[in-house]
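Once you scroll down, you'll see the structures, which are given as structure tokens.
Across the two complexes that follow, chain A remains constant while its partner is chain B and subsequently chain C.
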Partner chain A sequence: MSLGRRAFLQFVGGAIGGTLLTPIPWKLADDSAIWTQNWSWRPSPERGEITRVRSVCQLCPGGCGITARLVNGRRAVAVTGNEAHALSGGGVCPMGASSLQYLYAPYRIQQPLKQMGSRGDSKGFKPVSWAEALKEVTAKLTKLRSEGKSHTVACLTGQKRSTMARLWKRFLTAYGSPNFYTMPDAADSMRLAVALTTGRDAEVGFLWDKATYVLNFGAPLLEGWGSPVYLQKVFGRWQTEKPGVPRTVLVHVESRASLTASKAHRWIACNPGTEAALALGIAHVLVRDKLYDAAFVAEKVFGFEDWTDATGAQRKGFRNVVLAKYGVEETAKITGVAPQTIQDLARELAKQKHALVVWGQDKGDKPNSLYHDLAFLALNALLGTLTPSGTVVLVPPDPWGDLPEPVLDTEAYRGAGQTALGRPSTVPRTKAPVNTVLPFLEALASGSEYPVELLFIHEANPAYSLPETALVTQALQKAAMVVSFSSFMDETTQWADIILPNHTALERLDDVIGLPGAPYVYYALASPIVKPLYDTKGTGDVLLNLAAAVGGGVAESHPWKTYEEVLKATVASIAKAGTGLVATAGSFDPASVLPGRPLQPNFKDAADLWNKLKAGACWVDAPAAVESFATPSERYELACQGLMVSISPTAADDLFMPRFHPLKPSGEESEFPLLLVAYASLMLSEGYVPNTPFMNKLLPDDVLRKQDVFVEIHPETARTLGLADKAAAVLKTPRGETPVRVRLTTAVKPGVVAAPQGFGHTAYDEYVQQKGFNANSLVEVQLDPITGLGTLWATRAQLRRA
Partner chain B sequence: MGEVKKSASQKGAGIVFFLAGFIGALLVGWVVFPNVLYSTKTQPITFLHSSHQDSNCEDCHYFRDDGSYNGLPKVAKCAECHAEPMGDSPEEKKLVEEYIQQEREIPWLVYAWQPDNVYFSHAAHTQQQGIECVRCHRDVTKETKNPPFKENRLTGYSDKTMKMVECEKCHAEHGASNACHLCHK
Partner chain C sequence: MSGSAHSEHAESKVRYGMVIDLDKCTGCGACSVACQQENNVSFRPDESDKLRTLSWMTLYRLENGAGYPDYRAAMLPRPCMHCDSPHHSPCTFVCPVNATIRDEHTGIVDHVAVRCIGCRYCMVACPYHARSFNWWDPKWPKSMEAMLTPEVSPRMRGVVEKCTFCHHRLNLARDRARLNGEDPDSVVYTPACAEVCPTGAITFGNLKDPNSDVAKLAKDPRAFRLLEKLHTEPKVYYLSSAQWIRRQSDNGL
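And then the complex of A and B:
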């Protein structure tokens, strides 16, 4: 018997036969399949108890109620709307719905960092301890103060509607710096316009539910303007049939057929940026045909008729100016709206019992020209909507009184005496705060006036989201030291020297004050839904820590140990005022809140109110009715006497009142024959946070295809340029150029290029970066010659085949 | 040259080689393979259900208000009685010092752990159908030590993990649906 080849084959044959009768092949096949399900990179959801936490979203000023779903109380798995929230009623926008992707984002900053390389090098950051980082910032603050340079410390915060903004302002005041800024906001110009015309510091609130006819000059009500979810609920109520109640008619004026335009009952397509001219043309018809509210104008309005100024000079009133300058034909020429349409709109408006004139731009994050704000306010005044029974109310930004006055020591007084960097002398002195961000950045970039030794940037990404991004980057490089409080490695934070990362919006306790555009006084607390994931600290607590370390009046002005104590003080003052109620859906009718009828409290005391607010409810009250005006004339001032200090006494009469005041865009029409307008969308974020991956999934492929972003042009424009649909092109403005693709649509006027905002990030991760271009790097901002606020309407542009 | 004829002895040897391979494979397949495929692990702490006879099953294994089943209790539940050691057992000391005091969850090896792609509702089976726990789980009442956890080296699951065929069989016997989406959502 030999062990030859044959024997081996016989053995193998037997082994194969035997193996087939064992579990080896069958079990291995089954287990291999199961093994592939358990690869380590395969996501596996945590199992456990499902709980829900209610809170309020802080990602935009909308103040929507949210519900977070958690596994085992620590892993957040979903954010949905809070159905019990009185104003957002269970709704949530794409950004709110995908907000967990910020919490668990790979681009989060997980501990304090210090730039060890050269400024702007995102790889040069090295982790440092909190103690070390705070020591360095405190040393800088103490040194600048001892050298009498406290005014060279500045802060730019993007959290405009939170106690954080007040705390920053307070810190800088007590420290001795006038350089406190918030990211630009429509309220910046609107509050100035309201202060000039009414003598009050207030935002404009609109009684959406009372209005029967809404003439909307450009505000994208369904695309993120104001409080987006609340406004979508309002829009829903307008469409709901109620027996005996006529449906509210929405007439939308805008150059582009936006989503709001397409959902409106009527769309008036005007030339870009000419909405204010149309408002004045309508005012002309109202005055000419005596269709205005004569009683209100006669009793409560100053400057309608000719008037005498403080120097004794005779001035023409609004009536004569508007009759002479904004005739229907002239207005039609400016706006591109047919004369007959202008007359019809005026007559329709005058016929209404409850007409309402609204205006706005993008997501309410761009100040308007002061004169244009005055024009829209004037149209409301002519229609009598400012009366106690009207549709417009003045909502005070801080109705329950501020925190106790800060303690000002010698250095604080000295600093307060300094002029804010770059602030023009023409800014009217009113009760409204002044927020000249762009002049500040211009002065910082150009090195004029005085240097900025320390710049704090909090919850803002100006290097991406401010128009003229190149200017911002230049300014950041000029500041001697930049401290960022960002939770994310964004375009601005890359220029920081020290990063003191804040908890994200879902990890911290904070508040939301006021709801833009809503006719309520609003307050809500945003509770953390999870414990902080990383070694981050709430900026409120960091700021209190810095104040204590600086000492002197700064420490005395900040007697609170934690930010929670500051919030408790705010809630206590609301409770002490003894008005307003904790509103919940079902028992609260948003339409029932009327100005001048304060709501009866339904909470026992401050502790009760605190607990209810912490559980995700909101506090709502009715603003006071506009009974009187605190202007020099004690009337609504169509001719603003407050502007006497801003403009030369010899100035023309119309400079004191609403007027159409387009600022000439730079560049030659021959080189840049088109006009570029940028538009906002609820599916795109152009502010402090970028688009989440989920938001990108919502974008159709004629907005974003792979890395290409589309701009909209009219087929006629395309024909002249020789561009086909989806063709690659180069978009050039005086500020720069970028490759784009074109989408042919009649939604834009011939000669106009519409570009989406929210693309073209260079920071964050692969899901955000390098998608198209940042519209802000191409648009041109124009400073309002009176307020110094950066306004934006259109930029000259050129489009050519790539 | 004549044809080569296989001798009887050659044929016999061929069968021997064949059988050697055949039997060897059977031995490897039925005896060696199961021992190689599974590694034996022990629980992080010896927990005896029999030592907890003063509690009801439902004290630790209960349905939550939303109808979902809590499965194994969290360490917070253990801490209700064992915040401090109640006896001298070294295992209890380990529980208190390594888990309760450090607020760490115990990484139990779960004999009945099902994959993520299986949806299983305890409520539908026990509350609605009245099926006893021991139909699927071992009877723990008289256990004096934890059974070894035999972990499949490839899949990571216990050898006691119930396979799909067992679910299907019971469903078929009881006339319940065997549609895919019933368990694979």
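And then the complex of A and C:
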């Protein structure tokens, strides 16, 4: 049979028509659609019951409430805010929101490791058992103690506001070493300044909700300074119109148009690092025009008028010094702020019922020059904000009393008599603790005093996040043995000999003590949201274990079996103190807490408080009002008599009081004509943990583009250097050089280069590494000549075409 | 045809919308991170190519263009506008496969990834750049697969994705309401971005409910929408008292 053309077409047509009448094509199309969307490598998240656990974030000192969402009770899928938390009320920052990416990070350390190769070789680590690792550390501790070298053991912890820091300090004290350090903090210098002027050990808290006018010298309130979410909440309240209530005015002083400057009601642009001079210029106008709080100054302030020191010498008071040295014209010359603006600011401040002067830098992790802290405090004192009805309070770091005193045996006494490594003798002796991290690292790196035989590093990544990273790496190499407790393979941990990995923040029970910048006494417990994923141990427990193994006074000083017991002891002492309450949003008004009016407890006993705190609530109390001062003069000391031991008795009168004291940056202006300032952002983490992939997605492509990080320069600067927008360039400072790209913006002053912090990691994984440069490796630290604390303001820099 | 003709559902008493107060927004980025986490938005080692990146809630930097020291910047978070223009949103109008449709009952513009054929007409049509395309298979580091939420399916290579106003949360809330014998149309829910915003800049709710915060704020004298001249009728409103910010609302982003 032959098949004709017509028959063939009829057959094909019929076949198509027939097939279309069957479900075959639809089934095939459906199947192929399903098939193409079910690639085996596309994950299908396991389903299950969804539960919620509440806790408190520990990624920064902010102490925000968080809620974790779990699937089947074991897989954490989201972290959001805790809307019942009294101070963070449901808000989180981008880092807190992405905290699960640290828990599930590929760069986690999954078991104890020991360096088998040479120091610093990231491939040389081999897994060891906990017993083996602990045995080795115990042996070293026991040996050093028996040799009378206990003071050569040092610890650097990044968990500054937790019982962990106290436990470390206690361990070292009982063991016999003065070398306990926390990562640098603004409180390091501020507590010294507060102790010198008021005679108390306290941090400064600001009554944000009471203030009607906030003059802010440099603190990036909206970019991570203090307790970030709490301050964002405060800002949200300031920006909410309330009928009949005048809005709080925020005036921001800074050299760069940061987001805080942009969001402020008024931005005063000054030269980089000259905020303190402006404060003194304003003080000058207040004094000159008699606009200051005369009653407070007359009754409660020492050193405003001329005074006589302990040796009987006659000294000039603050009034005469500030009148002579900080005239409006002089201040204008230093700061670049117009003389009229300075006078207007002073008059505006004086007019306010509730003015507030705030100051700070970056995320509150940089100590300030002592004299500058004194200057800002002095401006507050002149405005009378330190009175019980004012806007500034002193928040004691430890209002409910510390753990019982450690037991000191002979070796502990011997160790206590040693000076901390590198600590300058000029540090004023006050009630405030001294935290000379950088002098310690310098002395360690140069080997100038005694060697460090054993260095513990806990929840910190100093090789990345301390300024002058080269110095830190040198110091790490000089320490005979480095033990890291890091949960992550970071830049510092790579230099360790033994790694005893801690649980991450979301896997352990821990606590948060105090909220930086907030006018409350604060305590919260962070409960684990999931069981530990790997073979890690909480450092608190490890430390108690080590203490027991070392024996003697060290074991006696640590009577607790677990870290949980230590926390329970802390909570018990809070309950015993009998004030403060478990605050929940809705029933608690943050603005209602006023100094000197302790809150009535709403919990039955310690066990009840413990349970409430473990469920994610926080404990809040009002600090005592500042009624009296515990200084030699029993007044607020504008002229600090406590500085008599630090400076020579023949020193000039102004060395005892607030003054503008810039330290000269190194390098010649001819070679380095520009000034480099590094800025912080909530989208970038520059601390212990790196940026998460979630956070990287936020970064604009004119901040990070592929491997290139952009520095900001003014178009005028660019013109003189011959650089176009987005052009490649080389940024050089006396500390090093790096390739960069430039972003032309009028947000920075001509002559200034602004670089973001938080890039340039070499450790971790492909999501973090090889992105730009670490600003910390370019900036220059200047040690405050009195306190020895590492301060940062601007580094001389040079920018040239690549 | 169900749900595509606006007039058929003129009676619906629900129109979910959002108001973002730019005077309060500090551009921290928590909203965007919460969104990525809530919706399993995938990420890659390099996220700096903004034409290739997946982002449902994008932060734009607005600048006033003035010289130092009069320069000011503000951040503008941009979710999907869930355009309420009559009959169609720009994207739903061009979708050849009904992968993106507006639920006329709630006003939410949905995108059904499994229906999407990846033609990207909708991306071209959207004047707000609210849509992103999956140029690659989503890939998470092995250990991070544990944090994928089962409430939103991960998408696959070759499809478009965008903000859904977290409509899985709405579905959960509606289910709960039905179980409790309440009116599912009266439910109030919060998308992930609004939930975590630390300054309370994002308000979400039913624009048709005159007593809701969102409806009141949308009538605030500070309120404006982006590219109003196109008559896309966005259901996302912005508030700002700064003239220089308001002026930029009619220019492209």
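Here is the rule we use: the second predicted complex is superposed on the first by the 761 of 802 C-alpha atoms of A that agree within 3 Å, B and C clash if a C-alpha of one lies under 4 Å from a C-alpha of the other, contacts with A are read in each partner's own complex, and residues count from 1 in each chain.
Rule of thumb we're sticking to: a contact is a pair of C-beta atoms (placed from the backbone, for glycine too) under 8 Å apart; a residue touches a chain by one contact, two chains touch by 3 or more.
Predicted model only: the values in this text are computed from it and were never measured.
Q: In the superposed arrangement, which partner chain does A:212 touch: chain B (first), chain C (second), both, or neither?
A: So A:212 meets neither chain B nor chain C here.
Q: Regarding the shared-chain residue A:101, is it in contact with chain B (first), chain C (second), both, or neither?
A: second
Q: Residues of chain A touched: more by chain B or chain C?
A: After superposition, C is the partner touching more of chain A.
Q: Regarding the shared-chain residue A:32, is it in contact with chain B (first), chain C (second), both, or neither?
A: A:32 sits against chain B, while chain C stays out of touch.
Q: Contacts for A:49 in the overlay, against chain B (first) and chain C (second): which applies, first, second, both or neither?
A: A:49 contacts chain B only, not chain C.
Q: Please indicate which partner A:748 is in contact with in the superposed arrangement: first for chain B, second for chain C, both, or neither.
A: A:748 sits against chain C, while chain B stays out of touch.
Q: Just chain B (first), just chain C (second), both, or neither: which does A:706 touch?
A: second
Q: Please indicate which partner A:698 is in contact with in the superposed arrangement: first for chain B, second for chain C, both, or neither.
A: Second partner only, chain C.
Q: Which of the two partners, first being chain B and second being chain C, lies in contact with A:19: first, second, both, or neither?
A: first
Q: Can you give me the overlap between the chain B contact set and the chain C contact set on chain A?
A: In the superposed arrangement, which is not itself an observed complex, chain A uses residues 37, 44-45, 47, 50 for both chain B and chain C.
Q: In their shared complex, at which residues does chain A touch chain C?
A: Within the complex, chain A contacts chain C at residues 33, 36-37, 39, 41-48, 50, 69, 71, 75-81, 83, 88, 90-94, 96-98, 100-101, 103-106, 108, 222-223, 228-229, 232-233, 235-236, 239-240, 257, 259, 262-263, 267, 269, 682-683, 692-701, 704-706, 714, 745-750, 765-767.
Q: In the complex formed with chain A, which residues of chain C make contact?
A: It comes out as residues 21, 23-24, 26-30, 32-34, 36-38, 40-41, 43, 45-50, 53, 55, 59, 61, 63, 66-75, 113-114, 137-151, 153-154, 156-158, 192, 195-201.
Q: Where on chain A does chain B make contact in their complex?
A: 1, 6-8, 10-19, 21-24, 27-28, 31-32, 34-35, 37-38, 44-45, 47, 49-50, 72
Q: Chain A touches which residues of chain B in the complex?
A: Those residues of chain B that touch chain A are 9, 13-14, 17-26, 28-30, 33-34, 37, 64, 66, 68, 70-71, 74, 115-117, 152, 154-157.
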